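As written, the chain order gives the labels A, B, C and D, with residue 1 at the start of each chain.
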């Protein structure tokens, strides 16, 4: 499947449209704020349209994962090639993009959340130009990570995403923004170094024979890294089940676990969320966290199937701890944003548990949960943002009786809350169901303990609803305006998706079913 | 016919919900006519369906389904299934729901969120009908949770009251605990059989496939699924939410917390009956029995009219569950149906009383007297004749007095337990069954007498109470009529000859032979042999209970206080509901709080501490090097700088102090030199 | 003349690179001399260093300087890194002391 | 025109244009970002000069390191929460005269000098040779550079440490 627009592949378009938007934003005069906003909206809007096109023409039967032939919308140009370096051979870094069932849903999610983020950024008044320029750069970084099939390219996009995020938190954030931004930066920086080291180790261990010239070529191509036949003799990561392969797996895993975030690596998340402005929280929870699990599935699982199988239980247990721990911590919070941040930890734990099961239900459930969680937390953070805009408060105990004041808002926010709670008929349930089903097949007791998380989740969500929406309206909260049309506009697509995917998730599942099934097979067979 | 009609039945209430939630405020009369009309239409369709189904031979289940999702290589399909059980249940749900809609038009008349209320009723009816119609345990779970949510929303209808929102939360969370078990049960079934459909699961079991190859897991699956019923049907130990749920509007209590939703647990057990092993059934029977006993003992000391009814509901639900557990399948389900009628009637009657009391208190501007406390009532018989007479019929029915529907079903249950004990020797079950029958008659007549008979406690209030409007009393009359025996069987002393027993028959057990409970013929024989004894005993005990109540509260021959004193610990235990709330509060709620505080502390101090600690270590190092710097390096540096500074001081007076000015000079000179040497 | 200009436009040789570097150098000088902000001055210095580097590399490409030019360029970059680190530390100290980093307000050197 | 020619002019324009923006922009953050483009452009020019390793180093050290340092400097010295990124120019007239003069003189000198242009050697890669040189002829400068870097790091850390200690004492 290929699709070109003006001779340029659709993936290049979808990745670099925000950069074009960024340049236009930078060229516009500072004062013309609306033009800047509209530029960003149009750029991300085009992305949404392109994502829609991808969704429509995507071939649901092709497998992808390790087979370059069955990736779709592939674009591959050699980018940096250095010939005949002594004792290294030819170095090859290519501009290699393509998507399969694993990434297509993430692309749709990224474009949608980015677009919604722009709408909710409309009322940012401080340094509008800089804000939107960084925002669009961030979007490019995220989108790029999801389409890159060359490790070097992946790494570049990964790092491109971090810098704008750092500034967006550090400049437009709340009172403790420096602390949060630096913490975020350090955490992800440590992860980045681990990934860089592993990338280099992989690079020197993998060489494929160029069919045209017969040369042995070192490559950053992720797909080549998946093939055990491509590992050179005596390479650091050659062989199966070696200590170094486990170490490399662990290094990558820590990098991704920081992003997910899994239990011991999670403390940057609550701080970052609390200080970040609303749209950035939305992006952070909606898309950035998914990069972690996406990286696990795209890189850890197929490149190191032996390590994955070796550490299966470890992952499942971390997932379980995250579910329960995140839920309890969420219950203990008084800050609305912190509560949602911890609930994200809990929900991402479900993703990890699902994918650690290494069977199709778990995998599909996990990836669907990534998508669903992205949408649900986006709604929740938007909901907090709406309240924060009006009252400049985030403490759960500062609210009460909002239901009487803002009925429309309450209705929409409650749907989001119930989706987070895993109510059947809303999308959170479907993915939790499949994740747990898959996990139960692999690990009975771990799953049973994890499922208790849904009781705790019900506890803190209902308690939150009670404290914020129900009860008598205190004096100071009277006279709040209900949602403006712009705010309704940012909620409605997400809520519609929540309900639609809750009732009929088939369109989403069909996209990834065959790819993920193949991934499971590929990993459980040890990479053959 | 069999696909369109059920679908229409399912969708009409949903339509009402959607229309009212979006346009409720804009419609005339806030759209109550729309909700009620659609519900009445649903009732008519359900009746048509029931009649058609009962007249269709053979009486097999009819189902149709569609593929919901394909995951991996497994297809999950959803669908509907109509068998006699479902058809009867449909009519029960739609009938009670319709009557409650009418009743609510009077009861909720001046409510602030009138249209919202009717919308939620629609949502509830939709989900409840979904439970009834589905052919699939996953879909049942889906609707199961949806009724939970609509129950949550309706209990919290007056959410300005803290107690209401607390009760709503409690109901939802306690139900979640039960659903947790059900969820795991569903997972076991799906992993073993790759399907969620009841029929397919039963087929696989009867073909000899066991979950994970072990009989223990089959029993476990049965018990876990029963956990869902324990939550929803308020069985011990998860019964605590139901009395609190009385915070909701009274018609809601009648619909959800008496007639339909709480009976869904019973319906669930009936649905999965073929896959329950003898061990699982025994667990079910004992849970039901314990629930019946606990709730009945609490009910005799309560004073809130709705609380008494709530505990009696729990107790009756325990009866039904026990009946299913011992194998008296039809009797249990029949009790569900008859109970739905008379308990809905009791609640609506109570609603009518509360409505009258409220109106009276409102006129007196009295906001302190509790309108629901039976100690504030008395003698209302003459003020509210319709309510009184219908309430009397319902009370007779629930007490199991002959000629009522309650007698028929309760009698069969008692006979069933007795038969079960003759087969297996579990004497505890019939013992509790008869004891609770007596207690039920006692506390229900206590309620009736204290409310309607005797002298009014407060003349002023008494004067203010008037009969409720027609829209509220007519549903009562209809339900009272349905509480009489001839709707179920023309023989007032034996239900087995009626149409109901013909329509609803105990399904064959599918589990391996060794694990099966006593087969139906064996059981039926045992029942027939003890039926007469059971009937006589039950009439005797019920009459005894009624007489006791009359003696204590009407004729005042025995003092209630002295009875209470003599009972001692039992009395205080009963008044305090056996301390379940307190125990759960200390163990679970407080425990949860302790854990969450601990984990929060752990998170903020230990994990974050490690992160910040690594920063600290770096800082210590830098401090150490800072010391070296200050004392050694700086010494040298300062020495050099001082020397240079003194030298510079000599020339300093030619300086302006601005670096860039110097730079201009420098570059200028450089360029000059450049030109000169070029 | 016209021919020549086209020719010189066509193939970038040594001169072209040198001109680029010269312009870059003068821009650097401009920044160093005219901006008040110390950090801007530092950036100007970076420009000057870069322009010098371009010269070195260009010479190593077009003359016999060969790889030695690269080596010098490498060392320039290294020294630039060290310079930037130290300079910024100084700037921070200055800022801490004077609460400003505008060079014309820091006139302690005034005699 | 050849591809390299086009690229040369393209990158020259980018480099010089960005440098000009850097110098003349009023906003220091803009300047910093413009500097980034300049540095990247210079790296591209290196590539055109077959200096691949230097290009990479330029990117890593300048764009990755020095630029970030500068940004940190900007962040840390912007006053309080009211972000004051504007900078003012001084000495405008002498500075522009001098820099224009420098440019003219330099270009004049470059054009008039008779450069000894040798045969252009098409190099495929330089890393190996550079490595050999670095470990051979240039071993002493290499070590000295290492020591210099170390000293710079220690010095920078010391200065900023004192900064934080003093801050603490002050607060």
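Things to note:
The criterion applied here is as follows: a residue touches a chain if its C-beta (ideal position, glycine included) is under 8 Å from a C-beta of that chain, and two chains touch if they have at least 3 such contacts.
This is a predicted model, so every value here is computed, not measured.
The chains in contact with chain A and with chain D alike are B.
Each of B-C and C-D has its own count of C-beta contacts, and the greater count is at C-D. Here A is the chain whose Cα centre lies closest to the centre of all protein Cα atoms. Centres computed as Cα averages put chain B at a distance of 76 Å from chain C. With centres taken as mean Cα positions, chain D sits 6 Å from chain C. Rounded to a whole number, the gap between the C-alpha centres of chain A and chain C is 41 angstrom. Note on chain placement: the centre of chain A and the centre of chain B lie 37 Å apart, centres being C-alpha means. Contacts with at least two other chains are made by residues 29, 33-34, 103-104 of chain C. Chain contacts: chain D has residues 90-91, 94-95, 98, 102, 157, 162 touching two or more partner chains.
Among the residues of chain B, those touching two or more other chains are numbered 660, 664, 667.
Contact residues of chain C toward chain B in the complex are 29, 32-34, 41, 103-104, 106-111.
Chain C contributes residues 10-20, 22-31, 33-37, 39-40, 42-44, 46-47, 50, 53-54, 57-58, 60-64, 66-68, 70-71, 73-75, 77-86, 88-93, 95-96, 99, 101-104 to its touches with chain D in the complex.
The touching residues of chain D, when paired with chain B in their complex, are 90-91, 94-95, 98, 101-102, 105, 108-109, 154, 157-158, 161-162, 165. Chain D makes touch with chain C in their complex at residues 1-2, 4-5, 8-9, 12, 15-16, 19-20, 22-23, 28, 31-32, 35, 38-39, 42, 45-46, 48-51, 53-54, 57-58, 61-62, 65-66, 69-70, 72-74, 76-77, 79, 87-92, 94-96, 98-100, 102-103, 106-107, 110-111, 115-118, 120-121, 126, 129-130, 133-134, 138, 141, 145, 148-149, 151-153, 155-157, 159-160, 162-163, 166-167. Taken together, the chain B residues at the contact with chain D in this complex read 622-623, 625-626, 629-630, 633, 660-661, 664, 667-668, 671, 674-675, 678.
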